[in-house]
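Report on one structure; see the data block that follows.
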Amino acid sequence: MSTMAAAVPDLAPEPPPGSLAERFRRVRAHSAHLAAPLSAEDAMVQSMPDASPAKWHLAHTTWFFERFILAARPGYRPFDPDWDYLFNSYYQSVGPFHARPNRGMLSRPSLAQVREYRAEVEMRLLQRLDAGDLDGEALQRLELGLHHEQQHQELLLTDIKHALWCNPLQPAYRADLVGSEQAAAPPLRWLARDECIATIGAPAWPAADAFAYDNESPPHRVLVPAHALASRPVSNAEFRGFIDDGGYREPGLWLSDGWARLQAGSWQRPLYWHEDLERAFTLGGVRALDPQAPVAHLSYYEADAYARWAGARLPTEAEWELAAAPLPVAGHFAGDDRFEPRAAGPVGDAATPVQLFGDVWEWTSSAYTAYPGFRAWRGSLGEYNGKFMCGQWVLRGGSCATPRDHVRASYRNFFPPDARWQFAGLRLARDA
Amino acid sequence: MSTMAAAVPDLAPEPPPGSLAERFRRVRAHSAHLAAPLSAEDAMVQSMPDASPAKWHLAHTTWFFERFILAARPGYRPFDPDWDYLFNSYYQSVGPFHARPNRGMLSRPSLAQVREYRAEVEMRLLQRLDAGDLDGEALQRLELGLHHEQQHQELLLTDIKHALWCNPLQPAYRADLVGSEQAAAPPLRWLARDECIATIGAPAWPAADAFAYDNESPPHRVLVPAHALASRPVSNAEFRGFIDDGGYREPGLWLSDGWARLQAGSWQRPLYWHEDLERAFTLGGVRALDPQAPVAHLSYYEADAYARWAGARLPTEAEWELAAAPLPVAGHFAGDDRFEPRAAGPVGDAATPVQLFGDVWEWTSSAYTAYPGFRAWRGSLGEYNGKFMCGQWVLRGGSCATPRDHVRASYRNFFPPDARWQFAGLRLARDA
Amino acid sequence: MSTMAAAVPDLAPEPPPGSLAERFRRVRAHSAHLAAPLSAEDAMVQSMPDASPAKWHLAHTTWFFERFILAARPGYRPFDPDWDYLFNSYYQSVGPFHARPNRGMLSRPSLAQVREYRAEVEMRLLQRLDAGDLDGEALQRLELGLHHEQQHQELLLTDIKHALWCNPLQPAYRADLVGSEQAAAPPLRWLARDECIATIGAPAWPAADAFAYDNESPPHRVLVPAHALASRPVSNAEFRGFIDDGGYREPGLWLSDGWARLQAGSWQRPLYWHEDLERAFTLGGVRALDPQAPVAHLSYYEADAYARWAGARLPTEAEWELAAAPLPVAGHFAGDDRFEPRAAGPVGDAATPVQLFGDVWEWTSSAYTAYPGFRAWRGSLGEYNGKFMCGQWVLRGGSCATPRDHVRASYRNFFPPDARWQFAGLRLARDA
Amino acid sequence: MSTMAAAVPDLAPEPPPGSLAERFRRVRAHSAHLAAPLSAEDAMVQSMPDASPAKWHLAHTTWFFERFILAARPGYRPFDPDWDYLFNSYYQSVGPFHARPNRGMLSRPSLAQVREYRAEVEMRLLQRLDAGDLDGEALQRLELGLHHEQQHQELLLTDIKHALWCNPLQPAYRADLVGSEQAAAPPLRWLARDECIATIGAPAWPAADAFAYDNESPPHRVLVPAHALASRPVSNAEFRGFIDDGGYREPGLWLSDGWARLQAGSWQRPLYWHEDLERAFTLGGVRALDPQAPVAHLSYYEADAYARWAGARLPTEAEWELAAAPLPVAGHFAGDDRFEPRAAGPVGDAATPVQLFGDVWEWTSSAYTAYPGFRAWRGSLGEYNGKFMCGQWVLRGGSCATPRDHVRASYRNFFPPDARWQFAGLRLARDA
């Protein structure tokens, strides 16, 4: 078998439009938009240790700008020096911080105070930016801070979804959200590829112009074996077939840890599905499941078990990136204000996979580890990604809760294998 | 040794002034008064499974009136039928209920909605009351509901104290609370009593006119051995002596379970004391400890260890009640709006114990069990007290957070031995 | 209502026959007899933190004699100085000790070594005893050590029963044990008693000649209200009626903690009962349940729920002792080598309760607390009983696994309310 | 940079000498040899849920032969049908099994019975083998059973080491074990390699003649980036440098999960090291640490933190295998009866890495996942490896407790990142 160099077109992601100041205003406004439907009480709920209250997300993303940009200048007077402790997430090198499982106990500062904090930091930062008073490193941190805030925008949505679902009243985040139009899922096709050596990963930012997290770098050559990738994600209807076939009762389909977790949690269906398998909890309340839409809210264990049941497997992240790299970042994203995956509808080119971007994050078979040559960013920000490279799995592509300009082909999201509260589904792959 | 019948004067507690409607309005208004300083966010915090959010207290006490009085009439349309599930605390015979540790996740209904609920139920109930449309049993349940709400008023205060203390900012519930005037604790005297047969307990309500919980009944004869009771509770200064003498490091002073608990929790001083042993967290924020004031926020284990260290013991509840029965219910209560124990100041009659009522609940050496002839109330309300008669200890006398007209000489409060977040202290006793 | 002084005959328990040396040899031999059917492997199993391996019981009882008698003499050379750490159970004042839940990990010392240890300490102790070389305090400790060892003899049996039951093979401790002869339980009669002042408790040993634990002292006057006591314990057949009536499914019958425990442990019947309710695991293996025999292996929660279901209650320990004090200590004990409760068979005097002693320990409604005037023994031995006076309940009367000369009317056994692995049953009482 | 095909000589591991029957006898005898120093009590200890008693290892390995070979023939009468439940480790498709954490409670069957079981199954199996009465699949399972038993031989040693260490007496497994001769560790050199495409993995057995586990297959091409590999493992002296430099106190060196684990367990040094950092617990008892010997008993977290501290990283499994493939499987193994890692001593060829095999398993940076094209074995034996491909990391090379003919260059061992009780150390790598 010959090894071909894969033809990866040089499709660098377009820089998002607008000046840095404009982008800063836009990203910050989007957080405000997402939080707008929430009462101060809603914004305080922490339904599990892995989730954070919306108020905390709003404050922490602001703290990130204050601490890493504004406070880098000697003599800076913080908005409130006590808040360093409250809104530092996990930066050991910055100092001690409030324990994550206790974020839901913070009735003070109030949501109103956090909004004041946001306004004040925004003003200070824009003043510095307008005055040309931010050096190169500060500007880079500003860039990073925007991506950081976008990440938390998605978490704000998935965390509040979980929080509202835990309320026996199961209230809607926004009752006005537009539901499914029941588009059809295109037929599933297998897109084959020969063995090749591909370069995956992104040039290291900030040396490179285009932003990427440190965990996406460096670009590196990798041998991708011959394989076939499904043309679209697995749908709710297909996953229902797995359930109906007893998939949740057959240990032979599951990883050992997954079977133990299933038993401990009495898992019988995806998170948020109603036991009638016809309805599911959404950010718009309990609604009919769209059978054609991509299945979401799966753990890695469920995605892996489904793939085994289907006689297939999950793709590696290299296989996924190879397929995604030539494609534009288009699909169903947070900007649509729908917050539920939807079917792709009619597809033009049968040879091109659809929905790689948007709708659902796709679990890959790749454990989240360092790329060859990986270097964490210098200083505190080196804690951003690298220290989590253990016990998690890579997901790719973004979801209906991801801002469109946040994601890219090289983007590596990661979650523990039992996490179900993200918009996470799967796409099948198989050996050639 | 001869056994004398103790001379217990028939000092029935005076009925609180006013008609039932007036009392209803007054008690309900007091809850609103206590909740007034709290934001909607404050009112949502649940800092541990044993505590409840203030909002939940406000709703549950209202549900109690609605469920047990209004809803007893066929055809009643509840304010919101779903709230039965949310605000039933533990009445198995009423139906399933929301798990206690998850009360803090209820952002909905909002505090504003709960206040509407309170207003609506108050209106409906007063209408029925004014219309003479409540039968005897309903009137009894109304009486009970008032005492029930008063109990929750104290819990609202102790729970919010714990919640605010858990916030690293340690904010005040009310910064305007008047602090200590540093009155002197009177000298500790031992008040001796010969062996006697006493009748303790209260006539069973509602057969008897005066309200009492079922667990205070029936009145029954008990042989009280000769003993001496301390004239006042143990002070902060005295407890400081125990700490300074290594009391928290000497296992020989502790019950076995208490020593294990101390080690698991790294206990070194009463809850809320600062490590400098000079300051403590109060509902008014962090303030100087008043050495003359009664020590509070002790577990049973700590009270018991202190008594052993002091060469004394805790009193039995019969000893306590015998001393308290002839005395008026007077002292420092919630109505003072101070919410911290204070020293008694100069005392007139050296032979009369002081501060039996108010300031701090006093741990007794009596396990919380049924009195001879105890009968739980009929029906669902029989779950109020009886089913908790295991693993808890009796406290007597009320605290600075108890409404004055809520407590009486026969009143039996009860908490598990490791509970520290109540205003609980101790009074010494010894064998004659 | 008049109060009569109860006529408690002065029936001091007869001293067990034989010299101290003879008794020492006999008690020690009984431990060996009980351990004889066990392999070294059997003797190592610890099936739960509350239970101990048989080997540990054999060693700890020996350590008790060595540490508190032999080692009290200056210059004593211990059998093995490292064993102090291993075989000290919980005497904080003696020094640190091996954590209780880890006793099952001690493959060394071997059972053979422990037997050597037993032989060596026995020889040393008998030498000192024969030589008249033990002072008064040492002789008292020897007396205590015998009672201590008898307590552990019962625990050895109940612990090994649990250990073997945890083995899926459910092997017999001794397959040759004689089973039930299916005697009939006598009809249940209610034996009424008027209110009286009784003296319960035992004179404080060693000031008094007759041995008693410190927790049984001092004798003290107590007012016992009018009541009636059942003439015999509840039988298996009667308890089966509770099960068949849905007793394990009705929360209204249970203490709140008990219901939570039942749910956590999926309790549906007494421990060791087979799900067919016809057979049970015994020390002789799985055998048919004798419907006439007293029910055993109940927690306090189950005993209390049964009594409530039966419209009765558990007796207080004073009520129990008052009934037992005039009676000889006779019944079915460990010396019968049967280790299962049996029915009483025909009864002569209908006015006398039967089976107060032996067969099953009887849960009382009395929390395990200090008697008025209680003084723990001086020194380390003061840790024997007093520090456990929290969270436990008193049981009375001894069981089919108790040595007959170990128990007496004043004897107070105690266990936490969820303990099921003892031979614990109940006798009903009710208010007059 | 050019990519060269790595020159991997075809160094197929030599088949172990002797007929299958001879190898069967030899492997089985080695288990008996390892268990010989253990008393029946030693063989019963389970010191943590992850470890198993030696008796269980002896029985389970026997059950493996009986269940998968002997019992495959219809009409087979098992040695004891109840033992299927006891000694099935985790084969869901075979049937239910005894819970792993409770293996230490099995006093029955006795060690003696397990030895009878071993003898009987050996006899039956050899009879079938001698009679030519095993078909091809049975012979393959026999081959597999030998490798399976060898795996358990190592676990028997590491589990008993942990068990004896948990005993406060810290007894030796064999006091006669020869200790260190204090050979010198060779100087650490970096062995560089250019980028290449290598084939790693083993041909799928049993299609291929040479045995390999399913998780080692199929052989597949992989691009290995340019890198350098350390010539030998990290020594105790080097690891001591990490400790002395505060490595256990600096969160910046640790994975986030690792730091949490360190704090929860108060880790300050490798498992088994004495706090004086000069001695360690070994299977020969507490002995002086050999500074020149490879460090062992590290978790992945510690290995990873050390590498980061040293400015290096762990090798990938491909890098490791590429280095090991050309080398003979030689080094310090279980057959030496030393059971402690030793220094390599003088090295001839500076360009060849040493100690890739034996002494310590080497943590790699590769998460344990499926190779491209991986197929689990058919049937129940497919549960052997595949279902554990989540949350674990690959270790390579074997240890001083591994049988020499058990390991090979393609062998993939795997453990969770917090496992410390294996003989696991590390070898450094770095990017070119």
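As written, the chains take the letters A, B, C and D, and residue 1 is the first residue of each chain.
Convention: contacts are C-beta pairs under 8 Å (C-beta built on N, C-alpha and C of every residue); 3 or more make two chains touch, one makes a residue touch a chain.
Only a predicted model underlies this, so the values are computations on that prediction, with no experimental measurement involved.
In terms of the stated touch criterion, chain A and chain D have no partners in common. Separation between the centroids of chain B and chain C, computed from CA atoms only, is 37 Å. Once the centre of each chain is set as its mean CA position, chain A and chain C turn out to be 60 Å apart. Remark: chain C and chain D have CA centroids separated by 48 Å (rounded to whole angstrom).
Contacts with at least two other chains are made by no residue of chain A.
The set of touching chain pairs reads A-B, A-D, B-C, C-D, using the touch definition from the header. Per the touch definition, chain D reaches chain C in the complex via residues 39-47, 55, 82, 85-86, 98, 102, 104-111, 163-164, 166-169, 171.
Contact residues of chain A toward chain D in the complex are 3, 90, 92-93, 195, 197, 220-223, 225, 227, 251-252, 254-259, 300-301, 304, 313, 316, 365-367, 369-370, 372-373, 382-383, 387-391, 417, 431.
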